[in-house]
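Notes for the one structure printed next.
Per-chain numbering from 1; labels A, B, C, D, E, F, G and H assigned in written order.
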Amino acid sequence: MLDFAREARTGLDEAVFCAGKTVAHIVAILQQVESRSGRILLTRLHPDQFTALPESQQKQIDYEPVSQTAYFSQPHPPLDTRRIAVVAAGTSDASVAREAARTLTYYGESPAEITDVGVAGLWRLLERIEEIRTMKVVIAVAGMDAALPTVIGGLVAAPVIGVPTSVGYGASENGQTALKAMLASCSPGLTVTNIDNGYGAACAALRILRLAAA
Amino acid sequence: MLDFAREARTGLDEAVFCAGKTVAHIVAILQQVESRSGRILLTRLHPDQFTALPESQQKQIDYEPVSQTAYFSQPHPPLDTRRIAVVAAGTSDASVAREAARTLTYYGESPAEITDVGVAGLWRLLERIEEIRTMKVVIAVAGMDAALPTVIGGLVAAPVIGVPTSVGYGASENGQTALKAMLASCSPGLTVTNIDNGYGAACAALRILRLAAA
Amino acid sequence: MLDFAREARTGLDEAVFCAGKTVAHIVAILQQVESRSGRILLTRLHPDQFTALPESQQKQIDYEPVSQTAYFSQPHPPLDTRRIAVVAAGTSDASVAREAARTLTYYGESPAEITDVGVAGLWRLLERIEEIRTMKVVIAVAGMDAALPTVIGGLVAAPVIGVPTSVGYGASENGQTALKAMLASCSPGLTVTNIDNGYGAACAALRILRLAAA
Amino acid sequence: MLDFAREARTGLDEAVFCAGKTVAHIVAILQQVESRSGRILLTRLHPDQFTALPESQQKQIDYEPVSQTAYFSQPHPPLDTRRIAVVAAGTSDASVAREAARTLTYYGESPAEITDVGVAGLWRLLERIEEIRTMKVVIAVAGMDAALPTVIGGLVAAPVIGVPTSVGYGASENGQTALKAMLASCSPGLTVTNIDNGYGAACAALRILRLAAA
Amino acid sequence: MLDFAREARTGLDEAVFCAGKTVAHIVAILQQVESRSGRILLTRLHPDQFTALPESQQKQIDYEPVSQTAYFSQPHPPLDTRRIAVVAAGTSDASVAREAARTLTYYGESPAEITDVGVAGLWRLLERIEEIRTMKVVIAVAGMDAALPTVIGGLVAAPVIGVPTSVGYGASENGQTALKAMLASCSPGLTVTNIDNGYGAACAALRILRLAAA
Amino acid sequence: MLDFAREARTGLDEAVFCAGKTVAHIVAILQQVESRSGRILLTRLHPDQFTALPESQQKQIDYEPVSQTAYFSQPHPPLDTRRIAVVAAGTSDASVAREAARTLTYYGESPAEITDVGVAGLWRLLERIEEIRTMKVVIAVAGMDAALPTVIGGLVAAPVIGVPTSVGYGASENGQTALKAMLASCSPGLTVTNIDNGYGAACAALRILRLAAA
Amino acid sequence: MLDFAREARTGLDEAVFCAGKTVAHIVAILQQVESRSGRILLTRLHPDQFTALPESQQKQIDYEPVSQTAYFSQPHPPLDTRRIAVVAAGTSDASVAREAARTLTYYGESPAEITDVGVAGLWRLLERIEEIRTMKVVIAVAGMDAALPTVIGGLVAAPVIGVPTSVGYGASENGQTALKAMLASCSPGLTVTNIDNGYGAACAALRILRLAAA
Amino acid sequence: MLDFAREARTGLDEAVFCAGKTVAHIVAILQQVESRSGRILLTRLHPDQFTALPESQQKQIDYEPVSQTAYFSQPHPPLDTRRIAVVAAGTSDASVAREAARTLTYYGESPAEITDVGVAGLWRLLERIEEIRTMKVVIAVAGMDAALPTVIGGLVAAPVIGVPTSVGYGASENGQTALKAMLASCSPGLTVTNIDNGYGAACAALRILRLAAA
């Protein structure tokens, strides 16, 4: 039972989190969407799930394998502005950053994707900071010690949303350390999402951007 | 060494987190602020710390004991608008909610404070939801099972910032359960601060509100 | 060595938890049951385990793959009443809810299964709450933030049993957050089972229902 | 804002959890109750809080220091039946067991309190088991290894509610081990409350007993 | 480099823990033993590892698949006495109990293996307790709530060694709960080994038995 | 209700764990013992508890403040042998080691107490190892990295019982690291008690020594 | 029993960790040192412990209250060089940084103490980085998100030793998050000490500096 | 975007951590290196990743499967000295020790690799200690109880870097216990890296050795 009324209340369509769902279940959801001539965003859609969908559904899907996201039918029309940055510390954080960027793009945004700016090589971030300062919202994605959002939060006035990733091993504890380090940050006004939740960060940014646009 | 340049970069003054600081240290900071004819917000200022300050400093302070916050010299002039709600699940969450509200007031906001709307008595929230829907940003404060931000996030389109509190015992684990429950929430776009961090939530809201005002 | 005397003491037959058992072990148990012309409930019986059983045993089994439960020989005769609800927050919680429902059905109950009523879409629960209020016992199944049992516990007078599920990622910690959030709930009189333990919740409900019937 | 409508919905009065509340706050609540000629149960009322109440309020209170519970005004009239056992493993668990018993008594029940029956001295439990078997509901309170509810659950057919306590040191982890051991129990149908939550167990029992009485 | 001097110091041969070792590594160890005409015990030898050994080595091995233990060359000659019990709560604990029993047998002991005596079906243990009381040492193996060693420790005077197992799910936390519950036990004189460490419990028992024999 | 039958079953008197007990409770227990002309061991008896006892009871008590243990009335008559070592890594572990030694002395043993032999100064242990090798049982007490029992276990053939202590800070986690390090030890046959449980280690040693004596 | 031979082996005198030691114990240690005309460093010496020492001992002590360190008798003669930096993120980390600096000074070093250079105000660190680059070893002290050592490690070639501090609340988990974030750092060659262990970091630096001097 | 400037700042080339990277990504990095006629170290390069590289790249690689490290193009020219020891407790720690040794060799060092010297067989370490004492830096690799670095730290004056490994089961907690035990060590001046981080320990040693050489 999809929640088609959600957009009316929250301004955000329902999306389908595909991890743990059977292909049959996903097929049925897409049929329900199709019957209403709607659109829907799918996240965590594994390539094996995608290729197991009926060809007729695959044809209507724009699938992106790094983020494992899919647009069914047409996404929202693009807006004519670049006003949000998705910044990632390392290349290993790319899938999470891309999930955020793809979610934003589904809603018509044109996010700037800036990667490989981890603070162990500080000048790489400093080279890009003026560009980041022009954005209305910043999503900062980082694993391991997760210092990136703290450093950015001290350099810009815009809202900064931190997304910890599960990248790393040992003391990284599958992203728990990155999560806690962001929460413990002394950079005031930094807020945080669940580990690897690029989708959630994008939704938070969309709530803010609409407010800015209102 | 206070960071007086912070406001220029981030739009937020430096604040003083007093827990763990000696009275002598706090006195010195206030002298530094006074010598610049500045203002400053103090958080986690224990009543014993407050009353140990020299009388001349106490006179310039507006102290609020529930939140343990203080304004030194004049806070920012009040803005002529009510556009943010600080919503709390229970009366035990009041000190954290008040810290958020006092921080907002320091910056000129006039937050609506709505308490005792925990979801175990659902209609209490439903009675206030239309009022909450008129706000530009919502800060939702809750301990224990921390379901309040999830329910609000599903009912409003504005940005929602969750603040877990350390209220509770046993499985509450000093707020860790509330924190994780908010992070695990299925309400899209909810972001979260550290446990009991009303100040941080207010700063995040201020970053958003300035964007909205810009 | 099956514990055939358990029913006499506790009113509940012994059941077989198949996860981690070899097929040979399960075959032997079923032979023991068959030699006594008995019945038995099997839980966590993986499809691969089921299809590896001898055909003669498979024929006597009613297998349900979503819950991975099986009835060997005839279950208890159905009672002529609907008096218990199994309520689930999301479709991902279905396997656990179904395990509870199948256990109840094995003992002759006809549970009402109500799904997709997570509190992030609150009105979905409110649409069903009058139906839920007619029940003698409520089993509430939820993962992630696990707010559902708290909200239900504040709306009904019947005993409510919470079952946390391992659905989710990151801060969900394989169901530990849902478990602790239920335990920390401010909804008085909510009791809780182990993560994913639909079978245990059904047994608790059966103990209560027999008391009600006595 | 007390929730006087709670009894209508759930059959349970609101109670006041006093830990962390100021005396002024408690005084105000009691005045609100008095103005409605009502009654209320107070839990976790520290002796220092009790003696700081105005004498006029103290006079209307039946205070019990082991459990730190208080009845303000008259509790519910006693029912003419003994139908619930509160069983505790050790004397150190007494305060929690007494909280459960006092809550039940407030609602008119006459619970049987059975203590010092930990399973390291097994025959002490076996001497009392026939008495326990005559009860409609059993609340089993235990800390440390918390084996008591498991053993009882295998010996009686009634609903068994386990209450872990924070008794112990080291690997007891303030009751977390007792909590998890009860949840992991192989005794089917055992449900569990938060650590030290005798009040919650009593509320769960009351929901069941009313069902039995209906 | 095997530690052939260990027996001289501790009375226990070095054993080979095969999990995580390559087959080539195990082959080399066995060649080293063979060249000295020695014997050795192998634990956690996976069936795939065993069948990958050269046939000439397989022929000299007594392999037992439930415990995944192997004797290379002749074990120690059997002693003419039964003086130790290996008691297990459930059939799922069998592999660990068997590892203990096989280690004891390697050293010439003839342990009594007693299974399916978990305390949720108490009389099953009570039926065997007189037999257990005749033993010089008791190894008690249990997962989940792990109450078995506590109950036995209160019923016998012999040394009792608890072995927690990783059986269970959710709150069992892969045996951590069983481990902590045993450590927190109020049964005086119970000592504990690592999770699933049947080998270690057997070694501890051997140290004790040799002392008794001395 | 003291368990005077425990000695008959387990060969160990009941002892009184005084932490968390009221003085009134302890007084009552001692009266019960006195009325039977018995003896009893008290552990974790805080000096404040001791001095609050009635003078008549204090007179019959042999109190030792480092271990906070007390003998009420006469302990068991001393045996004419030194056969057990209590070895401690650092002076900070002394209170736990002394609790073990005092418990052993209560039962008539004359333990050798060997301290300050932590492995960061290895030769200090090596100077004493021949003495330790003459003992029938070794109790090894250590906090922090807790390497002492591992090293001893590799050097002696006797049973070794490890007692982790809560000494340390940060990563010591109140003794949890010492506990886990002992459990993870590669020294075969090492068994472990709860953190700071010198009493329990002594009881385990007594069970072994009686076996040796039998 | 002080370990006076330690210096011969490791080049480091034994120091006295005073937390948890009685005053009598500390007095005895100092007498032992005095009788040998030696010197010793005391750490975690609480002001109450210091003032309880006999006046004759106090007179021979150089006590520093922020770090709670003391030099008994004369420290090592000062070396004529500045070659190590102790860098701290915030003023709250001062006591730990000072413990490191005082330990170094005891051994004759003249460390540069650089504070208030947390990365949320990045340019403060950048202003000092050239000075830091001139040092042979860097000790980086930080709590909360603990990003400082990572950033420094990417900017200098010298050995960097990270010291996490217990500063912070909630998700800081008493320094555990800072500790894990440093361990998970992507800054290659960063090594870490226990939480708040300024003394240990100084000892590690001394081992390195002597090597450099050799 | 490789960070070719890193060597200038830190004296260490950038290395490629291959776990979690796609083969395409690794191919592109090597092409970038080749186009600059550079060299690079690859760590955690799985055999499947290695064999999936184009043959032309494989030819330029020196791959070592135990450590899963690879040198692309020529490593740094060998230095004419043996001045660092990599010491490992058990054979299961070999892959981590080898990663450290291979990283050192890539930079021209000739480390002494000393294995199977765990402290449960103490004399094995003592036989090698004089050799270890001749080294300028010691890397000590150990899992489980991880006592090796503590013992070595008490026997040598050189800097000691501890590397915990994920070897073990149950209470070993995938190396967390080894990590914490090293951090809690009472051996002064021991510093620690992340679990299994042989590469990081080698980098730390290189920073020190260059200082010694300077």
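Here, a residue touches a chain if its C-beta (ideal position, glycine included) is under 8 Å from a C-beta of that chain, and two chains touch if they have at least 3 such contacts.
All values derive from a computational prediction rather than experimental measurement.
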{"item": "Reference interface B-G: repeating pair among A-G, B-C or B-D with over half of contacts shared", "value": "B-D"}
{"item": "Chain A and chain C, separation of their C-alpha mean positions in angstrom", "value": "36"}
{"item": "Approximate Å spacing (C-alpha centroids) for the pair chain A, chain B", "value": "27"}
{"item": "Computed distance of Cα centres, chain G from chain C, in Å", "value": "57"}
{"item": "Of all residues in chain B, the ones touching two or more other chains", "value": "6, 121, 153-155, 170-172, 179, 183-184, 194-195"}
{"item": "Each pair of chains that touches, named by its two labels", "value": "A-B, A-C, A-G, A-H, B-C, B-D, B-G, C-D, C-E, D-E, D-F, E-F, E-H, F-G, F-H, G-H"}
{"item": "Chain F-facing residues of chain D, complex", "value": "91-92, 115-116, 121, 123-124, 167, 169-172"}
{"item": "Chain E to chain F touching residues, read off their complex", "value": "6, 9-12, 15, 136-137, 153-161, 179, 183-184, 188-195, 199-201, 203-204, 206-208, 210-212, 214"}
{"item": "Chain B partner contacts - residues on chain C that touch it in the complex", "value": "89-90, 118-122, 144-147, 150-151, 153-155, 168, 170-173, 177-187"}
{"item": "Touching residues on chain G, where the partner in the complex is chain F", "value": "1, 3, 5-6, 19-21, 25, 164, 166, 175, 179, 194-197"}
